[in-house]
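Listed below are the structures to be examined.
Next, two complexes with subunit A in common: one pairs it with subunit B, the other with subunit C.
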Partner chain A sequence: MRSDVTQYELTAPTTLAAVLAQLAAEPGKHTPIAGGTELMVALGVGRLAAKSLLSINHLKELRFIRVDDDAIHIGAGTTFTDIRRNADIARDLPLLASSASWTGSVANQNRGTLGGNICNASPAADTPPALLAYGATVTLISTNGTRTVPYTEFHLGYKRTALRPDELLHTITVPRTFAGWKQHIRKVGTRNAQAISKTALACLAKLDGETIAEIRIGAASLADRPLRCTGIEAALTGLSIAKADLEATVRAGRAALAFEAKPIDDIRSTGRYRSIVAANLLEEFLRSLVL
Partner chain B sequence: MSTIQITINGTSQSLDVPPMKRLLDVLREDAHLTGTKEGCGEGECGACAVLMNGELVNSCLVPALHADGASVCTIEGVAPSAAAEGEPAHLHPIQQCFFENGGAQCGICTPGMILATHHLLDKYPNPTLEQIKEGLAGNLCRCTGYMRIFESVQKAAQALTTIST
Partner chain C sequence: MPEPPSLIGASPLRKEGRAKVLGAARYIDDIELPGMWHGATVRSTIARGRIRSITFSDEIDWSEYAIVRPSDIPGENVIVHLIKDHPCLADGFVNHPEEPILLIAHPSKAALLRAKAAIRIEYDPLPGVFTIEESEAAVESGDAERIMWEPNEAAGSATFGSANCFRQYQLYSGEAKETEAGLAKAFEEAAFIVEGEYSTGAQEQLYIENNGVIAECFRDEHGNIESLCVQGSMQCPYYLVHALTVVFNLPEDKCRVIQVETGGAFGGKEDFPSVIGSHAALLAMKCGHPVKIVYDRAEDMAGTTKRHPSRTRHRTALSKDGMLLGAEIEVALDGGAYTTLSPTVLSRATLHAPGPYRWPFLRVRSKAMATNIPPHGAFRGFGAPQALFGIERHMDRVAKVVGLTPEELRRRNFLRTGDVTVTGQKLHEAFDMNAMLTRVLKEHGYHEKLARFAEENKTSPIKRGVGFAAFLHGAGFTGSGERRLNSEVVLRVDKATAGQPARVCVLVSSTEFGQGTNTILSQVAAHTLGIAYDDVYLAKIDTAVVPNSGPTVASRTAMIVGKLVERASLKLLETLRTYSALPETCDRDTFFAATERYFAEHETLRTSVRYEPQAPVFWDDQLYRGEAYPGFAWAIYVAEVAVDMNTYQATCTRFDALQEVGRVLHPVLAKGQIEGGVAQGIGYAIYERCEWKEGRMMNNQMTNYIMPTSADLPEIHVHFEEVPSVHGPGGAKGIGELPMDGPGPAILNAIENATGVSFHSIPLLPEDIFERFTSLGHLHGGSEDIDATVDRDTEVEAPEVTV
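Up next is the complex of A and B:
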């Protein structure tokens, strides 16, 4: 059943400080709304529990892409379209650029934000695997100031995050120190465009000759939250991709994935299918390292 | 209630609406422009697509307050305004090409398709088939099978580049 819109409040304080003051004054009462591509869907189907919304959609303070020597800093209010149009992200963070390019349709990308994708905290969301693989940090802000935490510590469980009721996600900081690394991302869904993924894997590896010196893997839908696959990483670090060793390395990767993945069953897929597909994606990446 | 100032197809107006009312309903019920259609109401189908400040958006996912101060173009604003009374109104070249190439059948998806095409051809005046498919991936059509829509878009691209050169 559609919701009765007259039961909902929405205000748009003109500054970030004013939004934070309101969140602090009545913690838990207000829900921030950015692009609304999650919350308005919930409204449409009568499932939006929050009755008082605070718009952050218009806040210029949250919509920026800033590049310095070591990192790219992205405001939480940056849209997928902003990300796709940014040449620095396309060059230095291709996994993020790719994931933004297949998050929903053009119309959704014009409204949906990176901050909304992260804070909505779906295990299937498209940008978290890339951000996990890159080792991003997130900066949270409230009237008490800011705190910066590794993104791996942000997702606490199914749709649970480290955000306090009076906090907003402010900045996502992604290191841009991956020149020379092999980078690979692939999403498997029902169609190329606008399909929430069944599973997705974002992979980064640094080779030392034919040895995997470092490897980083972020995954969608392999757990109740977006997952940095540290178990698979540990199993593959130091292994060889030389011709004689490749099959053993692939087997080690697949076994580690089967052990680490705890995918959920839901309407889009079964956990068993997700594990198998993710193992195939990992194998595809490992074989691509040889080329 | 909130008072929003919104420019629709070039005409600025002030409307009193619940702030979470969907822009789709504001257009249809408050501005009485029923060219914008509702398909899914969930952002999946693009039937409700309009241009807001030049960007394609699904109006079913835009709360009214987010359109405060915005300039919105709906299907009613795509064709050049009707000439003097009694003269036939002209279609926009995109509409004309959909009309001539079987790009519209039942017509429910058509307003959204036309606006998505508008947005696409602004970005890529000579789009490849891949670019057309990607640009229209958020617009679902259950009648045409899409091939005629892609042809219509290609014809429209040609027509528009001919006009502008």
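Up next is the complex of A and C:
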């Protein structure tokens, strides 16, 4: 333990309203903490700058998975384990279920929440690529009410988000419109468990015969934030995967990825490796469309 | 009378297993002493330089703290290992990052954090050397600025060392001049000459429990230091006794050391407890309270020893039919900033460099270079894994050049029973590497896979391959080491008391740290005495009580200490036959009946024995020839790998480990040792890389030092050959280090088989494979380009405040 815990405050308001009131009263002073799988690590190594923590871990109103005709609504306090065990998510949003299954360890999954994974805003986070590809929206709540924004507009830069200091992430809503789409996700981590992504790609495609009618791609660790790869999508939409065209389509996808990806060298891998491996994953997906 | 079932080769429950499983075992951080303070270490932030000033901020009330400076040390400011070049606290000069400069203690652990932040140290930095090559270059170019270590009469290194070099050895397969002449002729007449260079990286031991100790300092009525007591997590309590006698200028019997339950060690608690133990004792002396120092993971990884990085060069002469004619081998180790155990690690590397082969003429030159990195130290295998990686990768390269299969090349050149090794040691005890190779290749399905993978790889994006490594591992101390150690073992019979029947106590300094010492030594004693496993227990390891049976290292506990326990047991039987009419054939009842008769006439019943070689063991330190080890274990390991061409990740998908280790004392523990060692070896080969920057380990966290998890490991199939050896109890030889040797070369050989590309360095990470497969015009490439200062994904930044 490299932090002096006596220098920190932890408050656990009993209701969501009380949390929001406190955030509104002293905006920026408090940091919400749910499962703590990120913040407690930072505390342990002496790097937790936030001195006042507001626990939302116990708030039942943030922990739900609700299914209606059009969408699945997931509370920000829903754990990875909740997501892994939910049959509706497994059926309709397999990419989200997969990404939740490979986060950290089982212990991390029991505590860590979807909201925390999003708000921590690591470019390497596991669930954002799937949520970006699925076209999720996020509902943010404060004492002033709620607002809903497309998830693609949530991440503004490296660890910067659209969340105001008085706001909490309340719900992640994912449309149920992917029946019949080809779906593929792959994470390349440093090892097979308890690993942070070197890169990850979540891919969705709707085919019209042998033509890519629509394609959606979300990526981890290819930019300073979780990335929806609109450039690759634009390059591939309308292209053919017919035998005669496949190689050209693959080349177009790889070229677009090389242009759009801006990965970095860091302690886990190199930018070059991340770019090329992500392109390999994209190629793997495109070739799988033929089968 | 029916023979009781043999305890040798049985698998009784481990002695301390119940306490560990139930959470009752008490490790050092579970122990609190009355009035205990906590200690911390203030460390250097640069690799090399003069300490210009140390400033204590006046925000802190320093009167609450105990502070130890070099001037407080009552004896020598030295951590003694083999020589005396390693300061206990840096005095005016630092030689590596994280070097201890000051020690502080306070009743509250949290108060130490504030105090450490309030001490500012300024330096005049000097240039450092951080690799074997940089260290060599400084010597070759005569760059005095970068000579960071010099031999020193006072430190005891004048005889062996030279600038930037702790130690060198030269091993000849015969008389030096004749061997040189033979080598010259061999290379002249060779049909093939094959050269290769191979390198291995540092590796962190990653014991579950970090280093930790509690020290007490006792004073007499005049206030003089009378004695010390240090308890902690460690392998070699008598090493710490020795270190304390120097730091405190006290006799051995005033420096008491107690080993408490130890959560793994792997060599990482062989030499290092001398450092942390001396530090805690100095703080206890200064503050007058017991002091506990327990490192956290980040401090332990950044500041303590790792496996020595290495570079091995081979030049080999062969006949046209693939017979080895001669070889020149050069081994270089990176020793870090101080000598510590590097000379003995280097010695084991030197002796294992030729592998299990016949060499008509051979020369090995080896050296341990100094660098401005925290000193490297003991780690399972102790130089052998590095050297064996070189020879076993090289043999596959040689096979390719000669046009033989890796299997056939080795078959033609294996050592055989009765052969003489390159040090002149005759291999009396039977072994058969050819038969072992046949067996393990069959167990693995090697030949079938070779054919099948060659076909499947043509179309699959996942390339599969198989490879193997053949090797030997010397058990016990190198050369004259066991003779010098002169280890002692005592057996004591405890009289029956009201609540406790009579028992036999084994007194050794051989520690349990997960590998099974307590269990196997109890088995040996009980088996030899003809009593039950539960009749025997091990004395708590306390140097005030147990004799020095040597350090718990070098695969010597089962073979050397076990043999001493066996001999002490036989001696105890002899005593009872002589004085208490123990019948020639005895059992548990007659044994304890005889001890009762003995106690009727005597107060105590104990026997003691000291080391004696079980066969002629002679070693000439000057010529570096003779019996290098009392015994060798022999092994062949086979790996199957899959290389994913989309991610460049090599994964080990099946592993077969066959070894001849003499008699297996405890099959369950032995299998566990092999499986654990293979897992550690797989990490060494394709996962674990220490990222260094200016001598500092940057990835000193479990999240970015990538040790494989169970999800990354294959099925590991363990097979034994058992040929009893005269050197060990019941025929046992050493086993602990062996499994560390084989996985590295076997896996890289398999990767070459899978991909057709030969790699020469471990760890081999996906980025390295990627760079070889996709030349992007970068000179160095691979994970050398990884920016170790950036860890964007786990960094937690202050949330932005919108005003």
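In this section, the second predicted complex is superposed on the first by the 290 of 291 C-alpha atoms of A that agree within 3 Å, B and C clash if a C-alpha of one lies under 4 Å from a C-alpha of the other, contacts with A are read in each partner's own complex, and residues count from 1 in each chain.
By our rule, a contact is a pair of C-beta atoms (placed from the backbone, for glycine too) under 8 Å apart; a residue touches a chain by one contact, two chains touch by 3 or more.
Worth saying up front: this structure is predicted, and the values here are computed from it rather than measured.
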Which of subunit B and subunit C A:33 touches, first, second, both or neither: first
Contacts of A:21 with subunit B and subunit C, given as first, second, both or neither: neither
First (subunit B), second (subunit C), both or neither touched by A:281: second
First (subunit B), second (subunit C), both or neither touched by A:10: first
First, second, both or neither for A:123, with subunit B first and subunit C second: second
Touched partner set for A:65, first subunit B, second subunit C, both or neither: neither
Touched partner set for A:246, first subunit B, second subunit C, both or neither: neither
First (subunit B), second (subunit C), both or neither touched by A:289: neither
Contacts of A:264 with subunit B and subunit C, given as first, second, both or neither: second
On subunit A, the residue positions that both subunit B and subunit C contact, one per complex: 2, 5-6, 41, 44-45, 192-194
Subunit B-facing residues of subunit A, complex: 2, 5-6, 8-12, 33, 36-37, 40-41, 43-45, 53, 55, 57-58, 81, 104-108, 110-111, 192-194
Subunit C-touching residues of subunit A, taken from the complex the two chains share: 1-6, 27-28, 31, 38-39, 41-42, 44-50, 120, 122-124, 158-160, 164-165, 188, 190-198, 221, 264-270, 272-273, 276-277, 280-281, 283-284
For the subunit C and subunit A complex, residues of the former touching the latter: 109-110, 113-114, 296, 298, 461, 645-649, 687, 691, 698-699, 701, 703-704, 706, 708-712, 766-767, 770, 774, 776, 778, 783, 785-803
Subunit B to subunit A touching residues, read off their complex: 2, 18-22, 25, 41-44, 46, 49, 55-58, 60-63, 65-66, 68, 116, 119-120, 133-135, 137-139
